[in-house]
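Note sheet for the following structure.
In this document, chain identifiers A, B, C and D correspond to the written order of the chains, with residue numbering beginning at 1 in each.
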Amino acid sequence: MKQPLVKIKGIYKDYQLPKKFLFQKAPVFRALHGINLELHHGTSFGIVGESGCGKSTLARIVMALDEPTSGTVFFDGQDLFNMPAAKLKHLRRNFQMVFQDPYGSLNPRKNILGIVAEPLDTLKEKLSFAQKKERVAKILTEVGLNATDTDKFPHEFSGGQRQRIAIARALITRPSLIVADESVSALDVSVQAQVLNLMMDLQEKYNLTYMFISHDLSVVEYVTDQVAVIYMGKIVEQGTTKTLFHGPLHPYTQTLLRAVPDVNPLNKKQKNKPVIPLFKKTDMSCPFIDRCHKATKTCVDNAPELLGNDGHLVACFNAE
Amino acid sequence: MALLQVQDLCVTLNTAHGPQEVISHINFSMEAGDKMGIVGESGCGKSITALALMSLLPRDSQTRGKIILEGRDILKLNSNKICSIRGNRIGMIFQEPMTALNPVKQIGAQVSESIYLHLKLTRKQTLERVSELMDKVGLPVSKFGLNLYPHQLSGGQRQRVMIAMAIACNPEILIADEPTTALDVTVQEQILDLIRDLADSSGMALIIISHDLGVIAQTAENVMVMYTGQSVEMGSTMDVFQNMSHPYTYGLFSAIPHVGSSVQLDRKRLNSIPGQVPELHLRPRGCNFADRCSRALKICKDKEPMATRVADHHQVWCYHPLTCEDKK
Amino acid sequence: MRIFLAKRVFTLILTLLVATLVVFVVLEILPGDPASVMLGINAETETLNALREELGLNRPVWVRYTHWVADLITGNLGISYTYDVPVSELILSRLTVSFPLALLAMTLSTLIAIPLGILAASNHNKPMDFLVMSFSQIGIAIPNFWFAMLLTLLFSVTLRLLPAGGFAGWDAGIGPVLKSFLLPTIALALPQAAILARVTRSALLEVLQEDFIRTARAKGITNQGALWKHALRNALIPVVTIMGLQFSFLLAGTIIIENVFYLPGIGRLIFQAISQRDLIVVKNLVILLAGAVIVINFMVDLLYAVIDPRLRGGQDV
Amino acid sequence: MFRTLVEILRHGLKNRSFIIGGSISLLFFLVAFLSYFWTPYPVEDINIADKLLLPSAEYLLGTDHFGRDILSMLIKGAGNSVIVAFVAIGIGIGCGVPLGLTAAAKKGWMDELIMRFNDFTFAFPSLISAIMITAILGPGSINSIIAIGIFNIPVFARVARGAALSIWKREFILAARSAGKGRFKISVEHILPNISSMLIVQTTIQFALGILAEAGLSYLGLGTQPPMPSWGKMLNEAQTFMNFAPQLAIYPGLAIALTVMGLNLFGDGLRDVLDPKLRRSR
């Protein structure tokens, strides 16, 4: 098994909540509970979960934009969280990020040249203005925009075009990993298709690794070949996209897949019956217990571990 | 006599590029109990249509055509009469649960407001009606007190309060403008079921607006597809979704990664519609979709297409609609 | 709710203490030797020493500080150097002028500004809106002391209706007191009303664009109804903030108005005390004003929680 | 940069308050500039002979109790107010904006410290402290500049911090951080340009307040000292002759009011022009 490009080892992330009483210790919200993942070269790894499940926190930790409370991330075998700042800065050229909001991820007061060329600061060798302009022009044409757009400003482009600019910015330093955090969720269906096709072409051309984060199951199924489902900061099921989408084991994944409205009006999928919570959720119990239709006594006093064989892991005592 | 008839509705709004016609020649009619979906991408005018029905358009807009509700053209009514219809005969649910409720007012007061206004009940009767409504929308007063504030509820729960407010006076028509776009898929399923059950139980006509084809497929009985302010295809959901004939509708469907398809397996790309939606002030003459359409004829570029009937419940605005074998 | 209050009171006391510390440092330590500041550089040394002895300046700094704070709490603030009258009495007599004046000006300003602001917001871009806006533009631009002079010119000099200034004292009965307060109150209130009207209008206009106003109208509520029942309360936060600032300004920012109308108020006292370098009076006056402003901010904070339930939770300070 | 200036003008000329405010402010700055080279009559020379003359061909606005030409006094006064307000703004922006930016960038105790200091300086009514400072440092226009300047610092710090905090949350800041940029570079390259429009609008407002404060201080005799004329001083002197020469009080007050209104209108116009969201809804 060759060395993974990214190894996420035992990541925990806690946030301090405002203090209830003046002198009492501030309560803590645990956003991530011990995440372990491996991303291999040239593959697309999907992270799926509802809003607030911690997938964006994980993205920021992988990008070393946020410190984990414990655990670490190895990129190409190097530990991102204890290396000198200068070294981290140069290492950043190998992993870049594409964001969700086309209107929020580009600085409105900078022209396209300034925006796309920004990651070039991470390169050791200093490029002249002409070199930078030439590289930006080249990458713009690759993402389907024209090279003369360099001195335009973001407000002169549509949502889809802005997302192409964001992808150009992420690609300029020839990274091996791109973290795409809901990168097509804010786009209309037809524009989404164009951007997804672009990302697929680029992946094939540059053997890119994608960490594809989304709440949209059909997009994740289409784009990724490995996927992990996260619920309240914990991975509840993980495996190849094919097995997970066609034979989901964890009740949460099953509920998610059943909830997606099918485009074909004929097949009325069997609905999620409303669940009357039998057991109360505690810190010790399985996090999904109050929404699970298969909850039993065993789920109450200990949280299930993520186990399984041949790559299909699930965290549930009654998975079938 | 139909409950609601919209005849040749055109709305012009002031934009940065001067007045632009955002909706042109929209026609449809609804009976009690009908469930109609309006689908289209952002900027196609679907929300404006809803706001026109509620006459909530900005002051500096001009509306032409007729909206006949129970025999009266509401475009001709003065503002007091309109206010007596809004919330009373037509209810509306909005997209953003986070900002659509007054943050400094208790949810009980916000729900009872339209009851006081329209039904003139006593305090006690109103209170009963509100608790009954809250139970109906799945927020039993026992668990969710009426004195709660919006920021103490989740997105899905706030949307339920919105629904309670919209149906408080048993309106004839309920308009839901992207009711679940801001919600998670599991919560979306519950809210859509709730809206459908409420419409069925009270015989309300439902207009559901979304950019998500799946939501429309599972909720609406007939559907209107809109593009740059015009309806391009209309008919029963079965007809339109099963054998769509407008190239834009076909393009929309083939752009969606259906559950079950995957590029990793068959390396197939989504066939996306080339180009992008033209700006309002740059719309071409003739059919607006012409220069993105692979089937465009010469006539498409000159003349606006008229409605042609493809089946008894299925019309399309296209000179060169798709036939069955094109779609194989 | 209780926790929220406990936290706020705790921070109030803390801020007041910090205020005393800062005032003490700024006025006692920074200018060097307070005695020479008071008597002037060329005073002979024994008079300097005598004064130091009298004021207990030789004691170590923190002793002086703790004694001063103790005095502050008990209220005996020592004897004013220039007036030879207990400072607390001096301040109290001046407060009986400044405080009612500030209260009157505040009420007048609020009664004028808020209705005007609402009027302007409810018929946005119509003549009334333009009228209110130009009133507030003029009100903000006119320096209040010039406005005071114009008022005296009109009412006292030409029309001889009202006294040109001076204060008859409370024992002379309500009538003359109110008469002498009328012009200063108008002079203070109108510029503040101009600012407050503008703030009310822009706050309301901003809230009127929110989604829940559209929801309210979708329920059948009229535009006016939506403004009164929904928009007003949401717009109160910025309005209350400005009112808090204005009240603390009115308490002591009225030096110039008191000068124009020769009113023996706090402003004038502090002005004279500064020019005569009567450090004892200045120190206590400044801490009094700072304390008043901090208390006002504290009350405004509480008002926020009353207006907006989102601020009532366990929000940390 | 030049392109945005042309852009601002193009939109500005469609905005009423921008035009009115802009022209008044321009007039004021021209007059102030002129005052350093020429005034109808030299301000210093006093000729008691033609004391308290009413406006005539010779003295356009008449003369004051020392026989000095009021028009030249007003022009000189304009020059003086510009200097005071300008430098005070310089102090305010120079210290306030960096403070605000660091407070927003650093978070944690630094932010807390700066904000507590800010709240504290707001606690003191600015006039009292200005008086205290000028009393300790002695009267004179330099000290009043310092006094007003000090009170611009917390205003700019608060405006800069508020605007910067909302920009820090934006996604393009995360993009800049993942391009390896440090807090300082991000503050200069990304934050400052995006809050510049807010700062410009605040500058016009503080400029107007600066003029009012300078007039207040010199009215109390703490601002610019004679023989340098200032509008506030002229008002103070006019008060004593209120009964028989009321016109003395009219001109300086009018000058202050007009200038301040012009600046405020210009500020409103600028806010509408610079803030694209507002421009559309106009």
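To be clear about the criterion, a residue touches a chain if its C-beta (ideal position, glycine included) is under 8 Å from a C-beta of that chain, and two chains touch if they have at least 3 such contacts.
Source: prediction; values computed, not measured.
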item: Third chains touching both chain C and chain A; value: B, D
item: Of A-B and A-D, pair with higher C-beta contact tally; value: A-B
item: Label of the chain whose CA centroid is most distant from the centroid of chain A; value: C
item: Centre-of-Cα separation between chain D and chain A, whole angstrom; value: 49
item: Averaged-CA centre spacing for the pair chain B and chain A, given as whole angstrom; value: 31
item: Averaged-CA centre spacing for the pair chain D and chain B, given as whole angstrom; value: 52
item: Sites on chain D at which at least two other chains make contact; value: none
item: Residue list for chain C, restricted to those that touch at least two other chains; value: none
item: Interfacial residue positions of chain D with respect to chain C in the complex; value: 116, 119-120, 122-128, 131-132, 135-136, 208, 212, 215-216, 219-220, 235, 238-239, 242-243, 246, 249, 252-253, 256-258, 260-261, 264-265, 281
item: List of chain C residues in touch with chain B within their complex; value: 210-212, 214-222, 229-230, 233-234, 307-310
item: In the complex with chain D, residue positions of chain A that touch it; value: 60, 63, 65, 88-90, 92, 95-97, 99-101, 104-110, 115, 118-119, 121-122, 155, 166, 169
item: Touching residues (chain side chain B, partner chain A) in the complex; value: 41-42, 184-186, 188-190, 192-193, 211-215, 217-219, 237-238, 241-242, 251-253, 255-265, 269-273, 276-277
item: Contacting residues of chain A [partner chain B, same complex]; value: 44, 50-51, 158, 160-161, 188-194, 196-197, 200, 215, 217-219, 221-225, 241-242, 245, 255-266, 268, 271-272, 274
